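Pasting the structures here.
Presented sequentially are two complexes of chain A, the first with chain B as partner and the second with chain C.
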Partner chain A sequence: MSDVEVEAGSRIVGAGIARHDAVEKVQGQTVYAADFALPRMLHAMLKRSDYAHARLRGVDVSAAEAIDGVVAVYTAADVPQNTVWVDVPGQTLEVGALKARSNVLADEVVRYHGEPVALVAAESEDAALAAVDAIVVDYEPLPVVDDPEHALDDDAPDLHESGNLLAHWEIEEGEVEAGFAGAAAVVEEEYRTQFIDHAYLEPEAGVAWRDTDGVITIRAATQVVEHFRDVARILELPDNKVRLITPYVGGGFGGKEDMTVEPYLGIVAALTGRPVRMVWSRQESLTARQNRHAVRMRYRTGADAEGRLVAMDIDILSDGGAYALLSALVLLYSTTCAAGPYRCPNVRISARTVYTNHTPCSAMRGFGGMQVALGYEGQMDRLARELGIDPLEIRRRNFVERGDRLPIGQELETVVELPALVEAVGERAGERPEPSGPRRAVGRGYACNLQSYGRCIWLNDWSSAWVGFELDGTLVIRIAVPDIGGGQASSLIQIASEVLGVPPQRVTIHIGDSALNPLTGTTTATRQLYMSGNAVLKASRELRDALAGVAAGLLEVDAERVEFGPDGVSGGGASVSFEKLLAAAASVDVPWHVLATHHAPKGIPWQADESWRGRVFPDFTYGCHAVDVEVDLDTGGVRLLRYIAGHDVGRAINPVSVEGQIEGAVAMGLGYALSERIVFEEAQNLSTTFSQYLIPTAVEMPRIESLVLESGEGMGPFNARGIGEPPIGPPAPAVAAAIHDACGVALTELPFTPERVATAIAVAGGGDGAG
Partner chain B sequence: MEVGFTLNGKARRLDVPAHWTLLRMLRDIAGSTDVKHGCGEGVCGACAVLVDGVAMNSCSVLAPQVDGATVETVGGLAAGGKLHPLQAEMVMRGGVQCGFCTPGMVLSALEAVRIGAAGSDEEIRHSLAGNLCRCTGYGKIVDAVAAYRDGEAPDDVPADAGEHEHRPEGGGSAASPGVGVGH
Partner chain C sequence: MFPRPFDYARPDSVDEALAALAANPGARPLAGGQSLVPMMSLGLAAPDLLVDLARLPLAGSENGGGSVRLGALTRHRELERSAELAARAPLASEAARFIGNPRVRNRGTLGGSLSHADPASELGTVALAYGGQAVIAGAGGERTVDLDEFFAGFFETAVGAGELLTAVELDVPGAGSGHGFHEVAGRADDFATAAAAAVLTLDGTGAACATVRLALAGVGDRPLRVEAGEAVCAGAAIDAPLLGRLADAVADAVSPEDDAFISAGYRKRVAGACAARAVESAWTRAREAA
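Right after this comes the complex of A and B.
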């Protein structure tokens, strides 16, 4: 376990400072997207499809338009550019060249339950609601595709002109069959994961208005300020005529990565010239917003007698739902991570994602890299049992190390602290608890993972930040970062404060505005602290260097000896206030601010050629988790007793925020493991309320203990690694392992509901002798 | 119809359609956007307020039902420029992330401590079962409530973020003493 060298003068980075946004949130002062209002504001609502697949014979809006207070009713024909094209990256030409279409409002055909068909704008919410009800849609139902296994069959209806194959990735390294031939043990299993919802507490919402110079301004809950460009395309406006502002967002988790309310707000504001608000109900959010991909994985894994992996054959089929969105990229993450954090010389991975009439699937925390953890970790546990090796020991024998290449060809550049994490988590776990009564069995499970941070490097990612002083010595950061609750803004304050000496409470950060603040990219892909943190760090250091030169003259010391403190600069026994320093800087034409840009590593994009191998991501974060469960052998209920989550975060900028990310992601992963699922019946979504879609409450959650290791290696500011997504991978496989440890049943399909656990126990003989 | 009630210590008389929920009246007429709409079906607890001291989901109460009652929202808790001690604990211990569950969570927790339903971590968890949080995993919220119950709260935390001092040692909570290898 490597120690971190604490940088000389480190004072703010590494401290669990109270977040400025928390002080306001705890008093209810934060003006979230739905809390904002403008005079004469209209209320917009969507008419959504009742069918999962149907031809629209007609959409009659006349009765709706006649309702008092209704200002406009729009259908596809009214939208300036109704079709949105998505680039679908893929390995082969047949898919690689594909541009996938989705529509702002359904055009001729609806392809999922809840797809927007018409857009209403009215003087009141009640009038809007009445108008939505009064729209008459004439549907001609079409056969639904709801089984991805059959989506590619010859007789399956094609949901898009390009067919039902949305994207696929294929990799083959080494001699896979020869590898299996030499294996001492081969285990084969099929794993299934379910659709889930992000279920952030804040439903999708926003307000829009036409501002000075015709700029359509949208203030909405989003993770992506850069959607102003997408809205501009839809409105057929130049990019610089749309502005997007993100207030503090009430949770994102990938669900506010694709657009939600933005296009509809833009349309109403542009076409009516009136301010407008749109707020989705929880039911709309659960019915129609994109989900996490359900995935079917077949794993065949071989190892030698010592447990060293010799071959893997992995087949992944994911259900992309009705439109492309980010499915191809999500699948790339699955492909990259499919073999787990393990070395294996012979690997074949075939990954496909297909169209069905399910709700479109797209980004969610873990983004394709997390589903496969159920597969690769399930296989390690099976091999461990088959070969009689301790589950942590077999992992230890196979962990990747710095310099190794993943099957996709990416070389690991930073340290892989998995051995230290396994050690620390195993030690912390200590003695196993005792069962609380008869017919109850206790078990422990472990799981490890890797998850990338930063966007796919082919996207040439960059982040900009502006850092500047005010004359009174306060500091301003301007950066269009969306803060979705993870402390994105407050961590940037810490970084600037660390470098420039100004205490955090005297730093103000202006976030999330595409017009006034430098663009810094999306709050997605565990990239925000990594990217915008580096940009703020660079700007702060450049500002410090420039001002240190001025200070050196005033203090009569070398620039390197100038110290930046809360009230000003000092050195050589003298000190100068910021006010004086800034005045002196102005007199010699040294500006008080710096605009800096950080660029992510670059790489050659995947070529339409099976031999391509290369770097896909900047870097990875690794983790090892342990869970203790108690299984009720009669009801199949699984109680979580204790949870330990260990990660190497490189450097914790704010330890409280780091723990918060770990604990929150683990809780989400435990909901995935045990209770959450979207139930579809013939592609009709049946999980449309919070009483049907069960996210964990405080009662089901155990105490989650974060074990934070700081290797001092990572590509973020001060060598931090990203931690927003990585901890969501291990919980499901860890719980699967713990249930097996408790009662001997090996579950392969999520979620592990009491029915499934009880059935498996009954099939296995009732759990006698378990524990 | 007219509804007369006390909102955070101030007498209010509001004209409201009889079928409106308390949540809608508070947000759309009274301007109390500190009360959050998370589900509208009585499950998430984001809309919780105290009605005569009892935590209720305001989306599931009709506005006329509070006629003559005292209603408290999270925006009324801080006093004299200082956060309420439970608010201070929530901030200091990382119980607030996106903050959308926070107003309802704080009010439910306040009621739980006041009626003695927060004696242990398990009791706190049961008392908060009607308040969903998707960000925190609940541990830091439970810690904050326990600390408030035990009177550990600093009672002088400014309600203005700009005056906020950071807690210099920061870092690990009691539950995770291993935080910060190398510090």
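Right after this comes the complex of A and C.
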């Protein structure tokens, strides 16, 4: 519990108080998923495929089963329902329109390196490891598809019955060719982004057991407690016989949005009746868990002589990897955001995602909305150079405004503060630094973006929360929110505290339990503050209203004049303790708690039809970033000197958490810009340790300055906007612009490794003329 | 990420350690464990027996006339932080700062690093740029090997089966000399894309370089001296055009291989840049000291 004292009457919302879970975390006392144990617990491990594409001629588990301490070895045939269906609204071609299929354990064919083939449960980790080694898999290697362009060729082997085109979106608004015909400048470029890993601190882990009444209970690191339903289907159990508990999670970033350990834990617990733990090693996590989509984007953008956009033609091809997972939705985000926060009357967007034998791609912070920032911002910088207009000025001339429609048909309902953000960031950036020595060049880059918060409208998203008093005047919040380290739970405490007067130290929140807490939806899509925050706000206000009515009678004042304070209610010069108020409430049948549900706004239901246009998301968050870099002209090394990140967050519920989200996303985005990449060779993952997969360290990170603008407009509680994902978009294009500013080379393929930078400088003539 | 089962011994003397190593062909000595243990976790090494050298009296340093003797168990952190070593063997101090991260440097040892012989080893370049002797103990007693002959190939050294590297004697130059080190890596604690170490001695006039010993890491099957680069500098005053020729000569002389992350061509280019910067630093320091 935080030691921060908050004076009575001060506002809690807007205060940068320490999170209630902070002290336990820094003291190492938080019981994360892997830290939990039960008596007689088994240890589960997976046998994973050595091949990226092969037919399984046989899986011989006899030697593994014979090992002392091995309790069970399961293959696909042992899984009650081996097929996992991800319900993905989108123009998917996989098995009808709406479902994406993958397997719990590989059946007949493995389609990526590291795909689970068999599941082992043993009395010890050593026995489980020995059993995994002892499983003999007879592979018949099949041709590998590792190039998304080639995946669509006639001679490419089909990885799934439906072919290799997983999903597509097509949009055409206005008269695109006529728009280009009237353009004063047209720039055309191809951009490429890489596969990356979520690289959270906490690898995938959990413990499961069969609890009272046969309820399979799984305590696991996940962003989605609603996966209890998926596990129930796999186990062929009723939904209400599986319970998912998520303790505080050591990072998600979308990597724990799809299931990881949950099905395997459920299978062992259900089939053996024993408690079981599964912890993936970092190597497993880096090898075989879903990645961010690598995307190839072709942009053609036209503007008039003043730099106003007149036409865009955008072609997006994303590598979805071996199974569909959430690729269709990720592609929808790319499609929605492809034109950026800019107004353009004539836009064509063609977006496809295809199957390959790469690790399946799925959710990751930014969710398809961030890759395209490299494209749309790169185009703005190219147009600015072509037309001789300042890069911030050309953006200013094109920003969308409230009331505008994005190409997909969504109208922007809240204020777009990009002009103010550009102004503030430009002003803060000030003078450019000097190079540190000869053969070094300094440059500055800017990038803006938009990123949605909240799930797709047609998913009819809702969030429930229970808020109630205890007799001693403490407050309890019950809500199944998974807290993945972003302060999801502590923000809810602040909201309830704000409304009900109880100081944050006297609020306890019970989170992440699908059976005992009201379901509130996934910790994904930058939706928890927005959705759960609104649910807690609604419950708190309803509770306050109900109790204020009782208090009004005790205090002999109007209900509107009742004040809620740390110890009770007051009004008209009198005060009553919570204890007395609650007793009085009970006597007149007013409950001490409220269960409330917040529903997201509605829109036109989505249809599997290319002419569909409408509202996709509740709303967007906008940002403008600036970065200063120094480029080593001999080695191509890029040193980050300074970073400024401005966002309109509507209202900062906890400014420290807001800054934490901005700084974290920027650091992640800078790793994406400069060093992180999953390297495949013939679809074999070669970057399976952190000595090959280079996440930046504190040494590489510059000072990150957050500029938080509060417009007072947003769809979250107290008009907050979501900030979890949005700041990850601008870093890569901002760094690209800064490198160009430093040494005149325009990089288009992420990451901008020293080798790529040096090669571009050499091609351009050695950087001698750099300024 | 799980080592296979192994036995473990922690002898109290060099002789006991040598006996344990000689008795078991599957035994491997364990010093700081910063390379061996990760390799075991990754399944790249599976020794039957680890002979932990922690109790052996092989840490510490002594000054000779023109040399410094460093015990094999001298930790990187000691090289990095000891003011005395920084004064006597400043190249070792400077290079040590580029090894891994503080956690690695707190445990990793000089002897472990040299015996492991990673081609990207910073301390390998230090040993070659100073020159001197490796002291190797075996069943028949101690022998010495010229450091120029120490690295024998890809992760191979002059240390034979059943032997241990116990100390290194570095030849440290006196007045009128300077050192330089430069490394390029994908990230602060990443393996070097290339690294260069130089020890430069001025001629009698102080206006030109008499000799340079120049060693590179990351660009071959082992840490290596690049004599073609040394020849460019010998007898010359170091200036920008010479450094350009030096970079080209080094790039031409080394023959790294392509890997999935970095091309051979880029490593050659970086090797040249590192060599030029290391020699430039050594020249500047030598002139300032003169």
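Please note the rule applied: the second predicted complex is superposed on the first by the 748 of 771 C-alpha atoms of A that agree within 3 Å, B and C clash if a C-alpha of one lies under 4 Å from a C-alpha of the other, contacts with A are read in each partner's own complex, and residues count from 1 in each chain.
Everything that follows uses one rule, which is that a contact is a pair of C-beta atoms (placed from the backbone, for glycine too) under 8 Å apart; a residue touches a chain by one contact, two chains touch by 3 or more.
Computed from a predicted structure; not experimentally measured.
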Chain B and chain C placed together on chain A: clash or fit? fit
- Query: If you stack the two complexes on chain A, which partner ends up touching A:L152: first (chain B), second (chain C), both, or neither?
  - Reply: neither
- Message: After the superposition on A, what does A:A18 contact: first (chain B), second (chain C), both or neither?
- Response: first
In this superposition, the partner of chain A with more touched residues, chain B or chain C, is B
In the superposed arrangement, does A:L38 touch chain B (first), chain C (second), both or neither? neither
Contacts of A:T753 with chain B and chain C, given as first, second, both or neither: second
Figure out whether A:V679 sits in contact with chain B (first) or chain C (second), or with both, or with neither. second
Note to self: For A:S281, using the defined touch cut-off, is the partner it touches chain B, chain C, both, or neither? Pick first, second, both or neither.
What the structure shows: both
(request) Please indicate which partner A:V699 is in contact with in the superposed arrangement: first for chain B, second for chain C, both, or neither. (result) both
Per the contact definition in the header, classify A:T689: touching chain B only (first), chain C only (second), both, or neither. both
Reported in degrees to the nearest 10, the CA-centre angle with chain A in the middle and chain B, chain C at the ends is 50
Min C-alpha distance chain B to chain C after superposition on A, in Å, is 5
Dual-contact residues of chain A (chain B, chain C) 281-282, 689, 691, 695, 697, 699
Per the touch rule, the chain A residues reaching chain C in their complex are 125-126, 129, 281-284, 634-637, 675, 679, 681, 686-687, 689, 691-692, 694-697, 699-700, 753-755, 758-759, 762
Note: in the complex, chain B contacts chain A through residues 27, 32-41, 43-44, 46, 73-75, 77-78, 83, 87, 90-94, 96-103, 106, 121, 124-126, 128-142, 157-173, 175-176, 178-183
In the complex, the residues of chain C that touch chain A are 1-2, 5, 38, 42, 101, 184, 186-191, 193, 247, 260-263, 266, 269-270, 273-274
Per the touch rule, the chain A residues reaching chain B in their complex are 1-6, 11-12, 14-32, 34-35, 198-203, 248-251, 253, 279, 281-282, 424, 428, 484-487, 503-506, 508, 652, 654-657, 659-660, 663-664, 666-668, 689-691, 695, 697-699, 701, 703-710, 712
